[in-house]
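Pasting a structure here, questions to come.
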Amino acid sequence: MRKNNRKNNELRELKITENFTTNAMSSILIEYGNTKVLCTASIENKVPLFLKGQNRGWLTAEYQMLPTATEKRTKRESQQGKQSGRTVEIQRLIGRSLRAALDFELLGEKTITIDCDVLQADGGTRTASITGGYLALEKAIEKLLETKELEKNPLKSKIAAVSVGKVNGEVLLDLDYSEDSIAEVDMNIIMNNKNEFIEIQGTGEGKTFVYKDLLDFIEISKNAFDLLFLL
Amino acid sequence: MRKNNRKNNELRELKITENFTTNAMSSILIEYGNTKVLCTASIENKVPLFLKGQNRGWLTAEYQMLPTATEKRTKRESQQGKQSGRTVEIQRLIGRSLRAALDFELLGEKTITIDCDVLQADGGTRTASITGGYLALEKAIEKLLETKELEKNPLKSKIAAVSVGKVNGEVLLDLDYSEDSIAEVDMNIIMNNKNEFIEIQGTGEGKTFVYKDLLDFIEISKNAFDLLFLL
Amino acid sequence: MRKNNRKNNELRELKITENFTTNAMSSILIEYGNTKVLCTASIENKVPLFLKGQNRGWLTAEYQMLPTATEKRTKRESQQGKQSGRTVEIQRLIGRSLRAALDFELLGEKTITIDCDVLQADGGTRTASITGGYLALEKAIEKLLETKELEKNPLKSKIAAVSVGKVNGEVLLDLDYSEDSIAEVDMNIIMNNKNEFIEIQGTGEGKTFVYKDLLDFIEISKNAFDLLFLL
Amino acid sequence: MRKNNRKNNELRELKITENFTTNAMSSILIEYGNTKVLCTASIENKVPLFLKGQNRGWLTAEYQMLPTATEKRTKRESQQGKQSGRTVEIQRLIGRSLRAALDFELLGEKTITIDCDVLQADGGTRTASITGGYLALEKAIEKLLETKELEKNPLKSKIAAVSVGKVNGEVLLDLDYSEDSIAEVDMNIIMNNKNEFIEIQGTGEGKTFVYKDLLDFIEISKNAFDLLFLL
Amino acid sequence: MRKNNRKNNELRELKITENFTTNAMSSILIEYGNTKVLCTASIENKVPLFLKGQNRGWLTAEYQMLPTATEKRTKRESQQGKQSGRTVEIQRLIGRSLRAALDFELLGEKTITIDCDVLQADGGTRTASITGGYLALEKAIEKLLETKELEKNPLKSKIAAVSVGKVNGEVLLDLDYSEDSIAEVDMNIIMNNKNEFIEIQGTGEGKTFVYKDLLDFIEISKNAFDLLFLL
Amino acid sequence: MRKNNRKNNELRELKITENFTTNAMSSILIEYGNTKVLCTASIENKVPLFLKGQNRGWLTAEYQMLPTATEKRTKRESQQGKQSGRTVEIQRLIGRSLRAALDFELLGEKTITIDCDVLQADGGTRTASITGGYLALEKAIEKLLETKELEKNPLKSKIAAVSVGKVNGEVLLDLDYSEDSIAEVDMNIIMNNKNEFIEIQGTGEGKTFVYKDLLDFIEISKNAFDLLFLL
């Protein structure tokens, strides 16, 4: 039995708080159950060196867990002098996923930075970051359109993400930490609202999975995306 | 006129949210007006090398601003590969101040880490961190006493902090960012509830102040401490 | 038309050179066409801190490109003072994939390090690293069994990897750099020789893919794995 | 009894050696008893990024202890890969204090760097650095006026610093290391020669102090400043 | 007796493989017995800051050992966050030595980077790097002349290097690791084909050598250089 | 003509100040003309990991230039986050040279650290560091013998160093910066007082030298060593 009698294909309680902080262009506090991530979007009127002079924009993402987001305090990366491999891997995934939402020629020479700071971690921080990060991106684009800093909407589609996994032989949607830590397989699915995949990452972490598992994972995620695209 | 018709000797609205996050031993979200700092306390049953074998404990503090806590996004320190000088200076101040609250022999061979993560900055983040950090410390000690991990209460006194300053010739309590950025002088006062000073730091940052200013600063802070020690 | 009249479902020419270097426990120079990766395995009779005293072993992987492996020289990471995000992401993938090959209780308190140094890059360096890294692992285990440093074989299965992608609407196996750089979608598939998935990573990098693409990708990879498991 | 029968309100023997080194614009070897700090001033005709195009100058300070300045050798920061928190805190204090001496519009687009290298430490290295740093600054300005690189003198006042503290209940001026290490309170006072405060930092480091102590500290520092402004 | 009945004044078997990799401007895999170094040359049409606007070029070298080049795996420098002292010292030597081959005015505003990556180490990696690095330089210059990117040949002479040493009282040429590790003295001699010295570095590493040793070292190196300049 | 009518084979004025600082085991301020280096020796009763349990000691050296030691201020290495290549190369040379003076079995499980801090640089800082470092070492050993921390004297010989070079075709001893910066060749010779070489490093830095130069360099250094071993 899952916590709170949750069904296998049921998301945890979702909560979106807009403007929890107000200095960024937009700010979304997203909660998937006990996982809380503060996602913000910031805009700069310049692009990285490799894009200079091409009339195209860019989006980059940064991810971080507060030291006490986890049950056992983790060391602060700024004190370690570098980001952990896990952090680097996750923020690259968030960036790639959200870049799929944008037409960079319509954006013009702007860089959007999505900051995802995990205040509390209970499984699924990367999928919460992508879903929350997309919402922050959407709000920021709305403001740029309102203030005429953008003429045309560069958003091509909505983006959202869910994790699915297999625990004791059962396929489960949106694993919390207690499930994730004993999962046989774990897959992150990132889709847009045109029923297209942005990225799929499935890993057995020492275990394996078969073709049917893959199809089941995709199947069970469908209702979740319907719900997430209503946000 | 100050924002919201605030009087010169009036604190901004104070708000304390307990257990905003739940994985640390204790967690306090403290707000001084628009300044929001998440303060948590974590405990480890070991001490730094320099204290080994002395039957004494230790307290250390870490401070960080989220990149979008400020009006203009600041770079993430974990990406820069080191903490800024400002961060280092502030977390040393928080640590020294809160160490004054504890009898380390009663604490025994434990290290308490106070994490102060600034979610939103509007002036006074270091004083909010000290006041909030003390409250997180107090809650953590309560839990250790309840669970009998501590026999005797190692807290010697309550600690709180306020900033005072001089703007356009007027002495003001608890400066927000709009006031702080044009202040002639800025002083952080850290006291305990026995009417003793823990630390005083007054700086003109390019300007100067006189003896009478110093006395005025201390005078105006008095009511604030009465109020803060009721938290 | 692909280079050298290669068919869509055809691997590039594979070449395996054993003992290209001789100081590690085993050494494999693997070539997928012009992609050349030197993969070695080293063994230490100790485990990372988090595994101490559990009678279990560990496997870790490191990946690096020589500066002139690429058409345009890339900066040396040891001079930059840190590994790039791309490097970190890839070496984590190699490590996770190869850990799926081992029964760590049978391995005992040993750490195996797989070093994958890319001498020349022409697309598919991560899949070449996994396939070559597995072969180096296999050779090292053989030696440990011969010298009786291991009593029982800890290998649970063979592991190999291929990349697949979609270029101009066609599904292609084993993309070279000229194909990869214009691919609409790119997927790395890591399998064992029991027809089980170890990891799947599919990314549109700004583009998207649909359900049918996913099934096509898996289909086209099948013959390649048959071939790779003969190595 | 203090060493050498020093009275409670007496400075240690002060010694100023000009031009101990000759490559910087100016060089002062300052000694407060056994504390020896080499302070130099260097000038560049450019300003930090944040000041570009404002016709204003800047002053920055760097502080460092030689490894064998202390009784027990301390590790070299360049080998540790970063400056210690203590170093960062002190050099920020020196910089803020000396910036109060200058009219940056009169200085124009120049950056002055004050280097304070502690050759031997016996307490009071930060106050010696400020007093010595000011003298190096004064000499450098004199040379710039002589060579007409500056038209008008940008110095607004002289700056000096002393430490005061309380040891065994007695208020003492200019603590040496043996006194500092057992002090109940320690305060650094930085003033200009117009009887104005530049910065005050008082800390109990685990102990506390009361209002009367604060007034006593300021009182006992007065004669010292009279003397220091004669340098 | 030396391995393979090698005579005291005999080089190990030399092997040069051109174009082992093909992305750099030129690539040489050089082998002195079991020592294998991949040397490549890359060209950029710009110069370091300190040479800007002088119509002169530059050459710089980088050296690295793969982790498993040595008998006992060495840690990867990119993971340590910095190059070892040994690496830094060697790459500075390679750079200085090869700069002696070039007329930088004829080269014009170009920077040549020589990368020396040690795939397998069996003594003499620095001399193999210099000799192989020179050959890569020569090939790169040939290509630049062919493509008319250079009008005149900037090479002033050929450069090569050998190590000599004294083991059990005997003077030996081209020490392998088993000899080097017990050598009393070790000298690296770098010469050009005009019988001029580029650099000499002789070190006893805790032992000493006398005048006659120095003369013997130079004498025994002569035949080697004759041979190396035929490469 | 050399400055101060110095002859080609004449050292600059040498000045040795003992106990310029007093916290290290020994301290020597050595001056070769305007080059001033503070050399100290510190002792710890432990050895590096690679020597544990062998009843042998070790000596290590660290070298650093103060930022204003040079005519143009150089950046502080602790702020850059790493030591420069030049610094690393020099401190390795100092360490190797001074290790030749010691019988490490007689020293026992102790580590001696020689710190060479260049207060002012006018050419020849590495040779001044070695000569001064040796003197600091000698004084430290004397103290250890006096206090019976050592029973037998582990010093095998005296060590000193000089630089020689060729400027406008003339062979010169002990080059100052004005000579060094235009030298065709530059050689550092390190010897002991038994007429044995410890290390020789000759470099043309883009230029070359011939056999006769080498013999001349050694010849001209002879008188200097006679003088240096009287220190």
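As written, the chain order gives the labels A, B, C, D, E and F, with residue 1 at the start of each chain.
Just so we're on the same page, a contact is a pair of C-beta atoms (placed from the backbone, for glycine too) under 8 Å apart; a residue touches a chain by one contact, two chains touch by 3 or more.
Predicted model, so just to flag it, every value in this text is computed and none were measured.
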**Study point:** Graph distance between subunit D and subunit E, where chains that touch are linked
**Key:** 2
Practice item. Go through the assembly and pull out the chains touching subunit D as well as subunit F. Key: none
Exercise for review: Just grab the chain with the largest centre-to-centre distance to subunit C, centres being mean Cα coordinates.
Suggested key: D
Review point. Using CA atom averages as chain centres, what separation in Å is found between subunit C and subunit F?
Key: 50
Check your understanding: What is the distance in Å between the mean C-alpha positions of subunit C and subunit D?
Key -> 58
Practice item. Could you please state the distance in Å, as a whole number, between where the Cα atoms of subunit A are centred and where those of subunit B are centred? Key: 33
Practice item. Identify all positions of subunit E at which a residue touches two or more other chains, and write them in rising order. Key: 81-82
Check your understanding: Ring chains in order, subunit A leading off, subunit B next?
Key -> A, B, D, F, E, C
Point to revise | subunit A residues within the subunit C interface of the complex | key: 82, 85-86, 88-89, 91-92, 96, 99-100, 187, 192, 194-211, 213-214, 218
Practice item. Sort out for me which residues of subunit E touch subunit C in the complex. Key: 20-24, 27, 34, 36, 38, 40, 42, 44, 62, 64, 66-71, 73, 76-83, 87, 113, 115, 117, 119-121
